[in-house]
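Right after this note come the structures.
One chain, chain A, appears in both complexes that follow, with chain B as partner in the first and chain C in the second.
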Partner chain A sequence: MNTVEEIFSVLEEKFGVKRDTRDKWGVCAVVGAAYLHNVVQFLKDSAAIKFEMLVDIAGIDYLTYPNHEGPRFAVSYAFKSVSTPGQRIRLKVQVSEDSLKVPTISDLFANANWYEREVFDQFGIVFTGHPDLRRLLNHVEFVGHPLRKDYPAQKRQWLSTNDYLLPALEKRLEDLGYRVVQRSKEVGTNDNEFLEGSIKE
Partner chain B sequence: MIVLDPNGEKLNLMPLNVGPSHPATHGCLRFLAAMDGETIVASVEEIGYLHRGFEKMVERGTWQQVLPYTDRLNYCSAIMNNIAFCRTVETMFGIELPERCKVLRVIVNELSRINDHFVCIAAAFQDLGGTTPFMYAFNPREEIMCIWEKLTGARLTNSYARIGGLYRDSYDGFENDVLAALDSTEKALKDLHACLDRNRIFLDRTVGIGKISAERAISYGWTGPCLRASGVASDLRKDEPYYDYETYDWEVVVGTQGDCNDRLQVRMAEIEESVKIVRQALKRLAPGPVDIVDPRIRVPAHKLAYQDMEGLIGRFKSVYEGIRVPEGEFYCGSECANGELGFTIVSDGSGHPYRIKVRPPCLTQFAAFHELVEGGQLADSMAVLSGLNIIAGELDR
Partner chain C sequence: MTAEAEKPNIITSSLDFLVNWGRTNSLWPFPYGTACCAIEFMSTEVGRYDLSRIGSEYVRFTPRQSDVLLVAGTITYKQAPILKRIYEQMAEPRWVIAMGACACSGGFYDCYCTVPGIDHIIPVDVYIGGCPSRPEAFFDAMFDLQKKIKDESYMKQRAERVKDQLEMIKAKTAEAKANAKEFAREKVVDIKDFVVSKEQEIVKKAQFWKE
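Let's look at the complex of A and B:
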């Protein structure tokens, strides 16, 4: 009856995933970063239960986790099925401190774009192939990645400016099939110039 | 900026910044739109103006100290967030709650949902220039707020749920207050429908505006009333029932068009369903305990702390060291007013949360905002924004 278990064994066979023993309440598969895109595509399109919805992407830093072995970071993906209500599965990709790279799934799920930006913002994990990897919640001027365990919670930073959205807007126009002939006069030659107006100095 | 459109025609677009402090961007939302006259050609959003570091702050305290923070996620229905968080931790513990606690949680959950939907509807009409519906919606909301005051001592950030129970049992006369609030809710709904259903101006502003297909909404991870407005009957209270929601007699409300009008109509119909649930729950409300008896999870009652050694130790340890949630990782989502509010919890078995990731329902909805407004008028973007009910508190955490 437990078909998520069956899907897990298919994943085990096809992609060599391992069960995450830390998730005692649901099904969580540890996936190698190289297979992530294929596994997600499989879950979305061809598994016996189709997991059409990406619910959440969470970064985890195991730096101070007691007796932790293995890579320092992990990215956890939660999926749920809409066509078969009540079925869920989680995937986990382990990320070592040296590489800090995970392939993007933003081409498969529209909301992965912002979720991956958030994980990049909070943990500094780079999603390769992401179309627009900027900070999401913190300011552009922010230095460091606040949800890492070695980032001091009481640290303060002086942040004074908004995100500079004009380049993003131009990119969005180009995605829609427009071609920018002449940039706004507000846009300097260097997109980072706007930070010079900040009162940080 | 001068651009060539897909047909090769030259256009002169004006970048227009809206927000972060604009009366219609409830909370602090900002988007930059490329305008061709009154039409939005392209738009990009920015969030984070209300980012308070929820996930960093909760790592510093004990498990119980997370609760006041959850109030500040969706501050229009604070109790629902409390309950969603408690439910996640209770599932990790494997706690079976007492019957009265479950029924009380259902009642306050649904009253919060009514509250939240009323705020959304009222604000949406206010943004479109209608002041009267605002008053209609806020009268019953005020009654529910008064119930919150009596029940929890606070109006907005209630912190009513506790891991393994509730802050306290309901007060004398609670049932009558709730029934009175339900009556005025129904009256307000009638007034709202009379005011809006055939209102030409309102329909012109909302029908066909901000449409999204079911496939696209699912790809964006939409949940809750916004997804249901696109025609997907997805509701966690039915799909993954908790607190015996499956035993109540109610329907999942589904829209057809996925436009702004549907999103508001679905909310109004959901209020009706919530009223139905609360009426049934009130009949089930039998006397009994609201807390589980386990000093390791739920602090013993105050009077025990003064008379009983075990009670004193239990209180001391639970307050100073925190409860010890079983080691492991878990994701659990609950159906809140805006959709699925989920918590990914990593526990290392100590009294402090190792990592709590919030999955706010608003984030996915606001991520799709550009697709909803592109091609529409600037004024429509305000109708779309308020119809999505973006709460900056949970959007930015």
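Let's look at the complex of A and C:
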């Protein structure tokens, strides 16, 4: 019976992964950003215990964290094994404030797409290679990234117009090879007409 | 436009009563439910509490056919323009109920994403406290709203609506009267001058013939 410990030793050999000593469950590994994609692919396809399920991606801001050394940000990936129930592993990628870049894993896990958009929205960490990196939770006119510790939590930002998503959607679909055959009269793409009656006036 | 509309009399007050009676007993709500208050509204609507018995027979899911906008739940900044747009799509007369702590004041969401009370966006008639509000509280709000509607006067609102037009007409009338007066005075002066000159001529002629 393979255990997570053996997988950790393999990861240490192959990818230079370090154990996170402060993790109280002992399932966290710190990965370099360059190896992340390979490590995830290894865990998904060819490890002794296959981790087929991406549970969550979370951003961390260590700005006000006590006794912290190292880069300011981190991105944490939580995986769960379906074929071997009960086995979990977490990967942590440290991100410095100078280059906020992490390779995307949305080509391996489809649900990583929206997780990464959320982390980008709330922390401003850019996932390189992401197909559609836009804000997910906050509105289009939002300035800044609210879950960073230096964002004032009570700072409110008004949205002046409705989020008009149709042109962007059509463009995305056209990029994928679809084309618009017929457009309903009610959802015309006239911006002025659409903005009538919104808060902007 | 005339004096009858400005002062209440037996006809206008009867009309007020009739209009208010109709509006009071057919308040159709539009539920803008975004959180747990909407669940409470559902239990208000169905059999146990039965909102229909005070005349709110249908819950209409289009703003064009409803009278009361019921905002039940947290409103975020991303949603604020949508709520505003729905309020503007409603036909007058329209009323707004803010249900629950979140819609009234933002509740405990004192953060970057929640609107601190929907009265920042749209005018509100009745506030209901509670997190979430009980159906009884919702009924209380509906009764308050009915009382408020009974106090309204259709003719007064109409007078308010046509106030600008009335003032404009009055101003135009006064201007026309002043113009007419001026014109008449000029005419009178002209005629006086004419008469005086004629008199002088006659006097001259009389003197001539005397001599």
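One rule holds in what follows: the second predicted complex is superposed on the first by the 163 of 201 C-alpha atoms of A that agree within 3 Å, B and C clash if a C-alpha of one lies under 4 Å from a C-alpha of the other, contacts with A are read in each partner's own complex, and residues count from 1 in each chain.
One rule holds in what follows: a contact is a pair of C-beta atoms (placed from the backbone, for glycine too) under 8 Å apart; a residue touches a chain by one contact, two chains touch by 3 or more.
On a predicted model such as this, the values are computed, not experimentally measured, just so you know.
Participant: I'd like to know which partner A:Pro71 touches here: chain B for first, chain C for second, both or neither.
Facilitator: So A:Pro71 meets neither chain B nor chain C here.
Participant: Let me test your reading of the model: by the given contact rule, A:Leu169 touches which partner, first (chain B), second (chain C), both or neither?
Facilitator: A:Leu169 contacts chain B only, not chain C.
Participant: Check whether A:Asn138 is in contact with chain B, with chain C, with both or with neither, and answer first, second, both or neither.
Facilitator: Both partners, chain B and chain C.
Participant: Counting touched residues of chain A, say whether chain B or chain C comes out ahead.
Facilitator: B
Participant: Which of the two partners, first being chain B and second being chain C, lies in contact with A:Lys155: first, second, both, or neither?
Facilitator: Once the two structures are laid over each other on A, A:Lys155 reaches chain C alone.
Participant: Once the shared chain is lined up, is A:Gly129 touching chain B (first), chain C (second), both, or neither of them?
Facilitator: A:Gly129: touches no partner chain.
Participant: For A:Pro146, using the defined touch cut-off, is the partner it touches chain B, chain C, both, or neither? Pick first, second, both or neither.
Facilitator: It touches chain B and chain C both.
Participant: Just chain B (first), just chain C (second), both, or neither: which does A:Val181 touch?
Facilitator: first
Participant: Take the contacts of chain A with chain B and those with chain C, and give the residues found in both.
Facilitator: 137-139, 146, 151, 153, 162-163.
Participant: Which positions of chain A touch chain C when the two form their complex?
Facilitator: Its residues touching chain C are 137-139, 146, 151, 153-163, 197-199.
Participant: Which positions of chain A touch chain B when the two form their complex?
Facilitator: Touching chain B from chain A are residues 20, 22-26, 28, 52-56, 58-61, 65-66, 76, 78, 80, 82, 85-86, 88, 90, 109-111, 113-115, 122, 135-139, 146-147, 151, 153, 162-163, 165-166, 168-170, 172-173, 176-184, 186-187.
Participant: Spell out the residues on chain C that touch chain A in their complex, using ranges where they run on.
Facilitator: 77-78, 80-82, 84-85, 88-89, 110-113, 115-116, 121
Participant: Report the residues of chain B in contact with chain A in the complex, numbered from low to high.
Facilitator: 1-6, 10-11, 13, 15, 17, 20, 30, 32-34, 41-44, 46-48, 51, 53, 55-57, 59-60, 91-92, 216, 218-221, 223, 232, 234, 238-240, 326-333, 340, 342, 344, 346, 348-350, 354-355, 357, 359, 363-364, 367-368, 370, 374, 396-397
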